[in-house]
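Read from first to last, the chains carry the letters A, B and C; within each, the first residue is number 1.
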Amino acid sequence: MSKHLLEVKDLYVSFDTYAGEVQAVRGVDFTLDGGETLAIVGESGCGKSVTVQTIMKLNPEPPSRIKGGSILYRGEELINKTNREMQAYRGKEFSMIFQDSMTSLNPTMRVGRQISEAILKHRKMDRKEAKKLAVEMLAKVGLPNPDKCYRQYPHTLSGGMRQRVMIAMALSCEPAILLADEPTTALDVTTQAQILELMKEIKERTGTSIILITHNLGVVSRMADRIAIMYAGKIVERGLPDDIFYRPKHPYTWGLLGSMPDMSLRTDRKLTSIPGTPPDLFAPPEGCAFASRCPYCMHVCLKHEPPVFDMSEEHQSACWLIDSRAEMVVPPLGEDKTLRVKGRGGHVV
Amino acid sequence: MKKLRNLLLVLLVATLLFGTISGCNTYSGGSTSTPDQSTEPTSSGTDNENDDNGSGTEQPTVKETTFTFVGDQPNTLNMILSVSNIDSHIFYLTSAMLFRPYDGVSYPEVCEDFTVSEDKTVYTYKLRDAQYSDGTPITAEHFAYYLLARLDPEMGSPMAADLINTYGFLNAAAYNAGECSREDVGIKALDEKTLEITLERPIATFDGKLDIYPLREEFVKEKGEALGGTPDDLEYSGPYILKEWVLDGYMDFVKNPTYIDADKSFPTTNIRMVISSDHNTRVTMFENGEVDCLMNVGNDYLDILKDYIEHNPGGGHQAIQFNRLNQDPAKAAILGNKNFRKALSYALNREAIVAATNPSSAPLTRLVSSNHAGIREDSLFTEDFTPNTVPAAGDVNKAKEYLDAALQELGYSSVSELPTLEYLTFEVPTYRLIAETVIDQWKQLLGLENISILLLPVPQAIQAMMTYDYDIYYTSLSSGDDPIEILSMWVTGGTVNDITGSGRNLFENEKYDELVAEAIVTFDRQKRMELLAEAEQIILEEGPIEPLIVDGIYYAVAPYVEGFVYSSDYYQFNYLVVNK
Amino acid sequence: MRRYIVRRFFISVVTVWTIATVCFFLLRLLPGNPFLSTTIMKQDMVDKMMRYYGLDKPLWQQYITYMGNLLRGDFGYSLKYAGRSVNYVIKSTFPTSAQLGMQALFFGIPTGTLLGIISAKRRGKELDYAFNALSVIGISVPSFIIAALLQYILGLKLGWFPVAQWKSFSHTILPTLTLSFGIIASHCRSMRTLMLEVDQQDYLKTARAKGLGETRIVFFHQIRNAIIPMITGLGTEIAGLLMGSYVVEKIFSIPGMGSYFVTSIQGLDYTMVLGLVVFQGTFVVFANFLVDILYVIVDPRIRIS
């Protein structure tokens, strides 16, 4: 019915805590098609992990609660599925890799076994075949000595190797979607690059769709087919990479871009950061959630949530500045009047 | 590595399981199956065989009967080091005796007859033929060794002083002090069947009927430190052989065919003494019929078992002792003041104390025990002589009078000026309860607030008492078999009076010493008892102790048991029959 | 690994030796002597007894003699119960105490752990509250009350089990249950806590993300990790239980070792106290030693470097 592989519409997710209701996701929608990589970018606490985990229903139902919306996978509604029913999807249709590979792997079980147990659950193989496949996967993710690696415990592997193991584990059942929650944040830069290369290569080889969660725009620039910027539980801007990097329309995006350290600038320059902190999700403000930190905040921003404006078919932004009644605002430029993005060369907007 | 790990785990589990399984045989008790009787090589004699199946002998087969009761586990069955009369309960069963007491009367056993010299200092005993369970004959030397070993300073027997004081064997004290050799002591075997005892001076209370056991020196030397620890480390010459002793479990006795009076007494063939320290459990066992008798029933269970209960009043005397030898002169003056002591004594309602703390005991207002014989063997001393002493319910008015007199004599204007006195007693629940009750009565009736209770573990309390480091001490004394025993403890130099032998006596009264000394040598029973009664009156008035209660004991016997006789010293199963 | 074992073994031996030495001298500091009892003795009598038992010799000499005997495994004879050797007491009573302890452990630990797991899984529901309440009761209520209740209800009223003594397997049921109560309670609570801690761990999310069933997750991922910290205390727990429980043994009239611990120190029976302390000390030390080795085997993160 739906033409997209994954369609999330109007998703509202809250957590019921002792202190009250935390509205973590407040109306998120996006789509994902086969073979494409969607990057969800935002700072800590904006709700990106919750969104993605909710797709897999990994958040335990109390305290988390899906207040509304729908998640359609290949046209099937996932919202109301029970835990048991979801088990058929998890690992097989979509799988996930996490940020901290050290804590995300069972320390008392050999890594190979952790891979083969997923295989044994979802595919009809016996133990020997599963092991063989697991070893193959380890080789595919670029681990040397995959046989030896199979028998290792997580704590004997390096961070990069562990992350590769997680990828191997996630892909072992050939899922349609790979959800990657900050897969490289915990790694050093070199390894980061390697892992990203690996993911790109796998995507090209197998056609798996990827939802990549990160707060690192540099990572995004290499991988993403489309980008969504999240803030305080809502998507504030979305678009193709060019839209976001060269024609950003939301002050938050400007802030994100501007806060990227630029090697070409002088080193005694202070890093620009967005002043203030994200709003308290116990009681989200009635207007735009970014208003309190926005240098261009207007009266209307405080009172009414901005609607979503379409700049093009792919590029949307939710900001009152775009409304024709607002003043024309020129986005802040860097010191040398350019908005530079790493690795893409500089263009003046 | 995985294989090794698995192997180690398996080994660990296997060891644990194996341990449990092999440990499963720790059960003690099993069924009271009749053990076979020949545990020792049978003697060569023909007149003491008891066949199991009655095949072709002249003797009729003896019916196997078992008597099961709950008693106290002996501390040791080492006759030399044994202190407690719990042990002697068992010796009575396992050993032959020169004279065997039964129900208050001593009967000759191994002794055939005896003669006494004119001056009543030399006693000569002729022995019958008797043997140990392995066939060795019992000789006079063995009885002599029993006494001599307990007097030997090298053997460390704690009963030496007791023996010396009670009997005063010739040179016994010197021997024990290391001043002479064994041969000089007045305990000799003249030949295999003749035992001669010589006393330093005649003792009026000694009738010559010594209840002593035979003990073989070779056996003692052979066993060394292990003597009396397990059934194998004992000699058997008595009615029963200890077949099995499961520590804290039970003791099984089988009738000993070689016992000299085997066919005349102790008809029960098997005895099992169950050792159980929990009163609740004991009572349940009795109710279930698992045991036929309880030698000691706790106070809380008297109601439940009231159909089977018997009471024996004789027991230890408990009294309040005042330390007039206190280092603090102010306190010494108070504690040595007669009126003060009397005040405290008359203020106590002993009947109430008994009711509140221990119903199996009885109020005690005098020193001589209520079951001691009096002017005649069949009369009671306590009925023949009534001293002038505090009434059992106390007398508050008199107490206050005494207190006022005492305060005046001592120079205090009110009782609150008295220095704080410490009441020392054992850190044992019953003693604590008594202490609290006593202190409470003193507070309420005399207004005596300046008094505190000091509870110490038994060894520490005794040590404090022995070093005169106390104000008031709650003492417990055995009452003995004869009034003279408890009264002679309080003469100058007496065992309790001068407890460390250092010459410091709590009680110094010439007249008292005279009376007791004379009584010791007065053979005329009536005269002797009169002297003792007079002595008792003196110490009740002038002495440092105020008697409080006398302990009693309750025991329970099933109705199908005949011939049960209770004794606080021995298990007297001489004529006990179980008709189950 | 081998070197580690040898080294630990050596350390254990030294520990036991230290225990024996410290205890030996500490005992002598206590006021009084072993022969004080309600039988009052004059000082010269006490002196004679001290001489008989060799207690009048200089302390260091007694120590050397004692250590020499100890090396031969001879704990000596009790001072309070003449003729009863400490070895004999241990030999007679330890198997009983050990059996009771092991039964309680074998029943209590798995049961407690299982209840803890269920409790954690059913967190917040009635079963959890019920088990929690039971745990609190089990830990707080003294064992003699539980013993008396069991004796009364299961023994006297229903007549299912014998009330006291140690005569057959059915005699062991009530005391085992009594002892297990505390074990079950504490293990239930600790396992529950451990399980809940593990619940927060990320690898469980990963496991769920792989689509594994809850049972598999609980057994292979949760329990495996939760149970490791529980092993730490196992050594001392086992050693303690095997040494007998004074209260339980007294109530059920079980001829075990527990009472000797109490009475020997009350009566200042030097040899008995020392023997028991060294015995128990050795047990604890080696139990911990074994547990440490077990740890290495069970937790792959711990390896001897």
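By our rule, a contact is a pair of C-beta atoms (placed from the backbone, for glycine too) under 8 Å apart; a residue touches a chain by one contact, two chains touch by 3 or more.
Predicted model, so just to flag it, every value in this text is computed and none were measured.
S.K.: Looking at which chains touch, is this a line, ring, star, complete or other?
M.R.: Per interface graph, the chains form a line.
S.K.: With centres defined by CA atoms only, which chain is the most remote from subunit A?
M.R.: B
S.K.: Centre of all protein Cα atoms: which chain's centre is nearest to it?
M.R.: C
S.K.: For subunit B versus subunit C, what separation do you get between their C-alpha means, in angstrom?
M.R.: Their C-alpha centroids are separated by 37 Å.
S.K.: Measure off the straight-line distance from the CA centroid of subunit A to the CA centroid of subunit C, and report it in whole Å.
M.R.: Inter-chain centre distance comes to 54 Å.
S.K.: Per the centroid of Cα atoms for each chain, what is the distance between subunit A and subunit B, given in Å?
M.R.: Roughly 89 Å separates the two chain centres.
S.K.: Can you pull out the residues of subunit C that are in contact with at least two other chains?
M.R.: none
S.K.: Using the touch definition from the top, list the residues of subunit A that touch subunit C in their complex.
M.R.: Checking each residue of subunit A against subunit C gives 53, 56, 58, 83, 86-92, 95-96, 98, 100, 103-109, 117-118, 121-122, 153, 155, 166, 169-170.
S.K.: Give the list of subunit C residues in touch with subunit B in this complex.
M.R.: By the definition above, subunit C touches subunit B via 31-33, 35-45, 48-49, 51-53, 77, 80-85, 88-89, 92-93, 95-96, 98-99, 102-103, 106, 148, 151, 155-156, 163-169, 171, 250-253, 255-256, 259, 266-268, 290, 293-294, 297.
S.K.: Going by the contact rule set out above, which residues of subunit B touch subunit C in the complex?
M.R.: By the definition above, subunit B touches subunit C via 5, 8-9, 12, 16, 19-20, 23-30, 75-78, 80-84, 153-156, 158, 160-161, 177, 223, 225-230, 233, 246-249, 274-278, 280-281, 284-285, 288, 457-460, 462-463, 466, 476, 495-496, 499-502.
S.K.: Can you name the residues of subunit C that touch subunit A in the complex?
M.R.: These residues of subunit C touch subunit A: 201-203, 205-214, 216, 220-221, 224-225, 228, 299-301.
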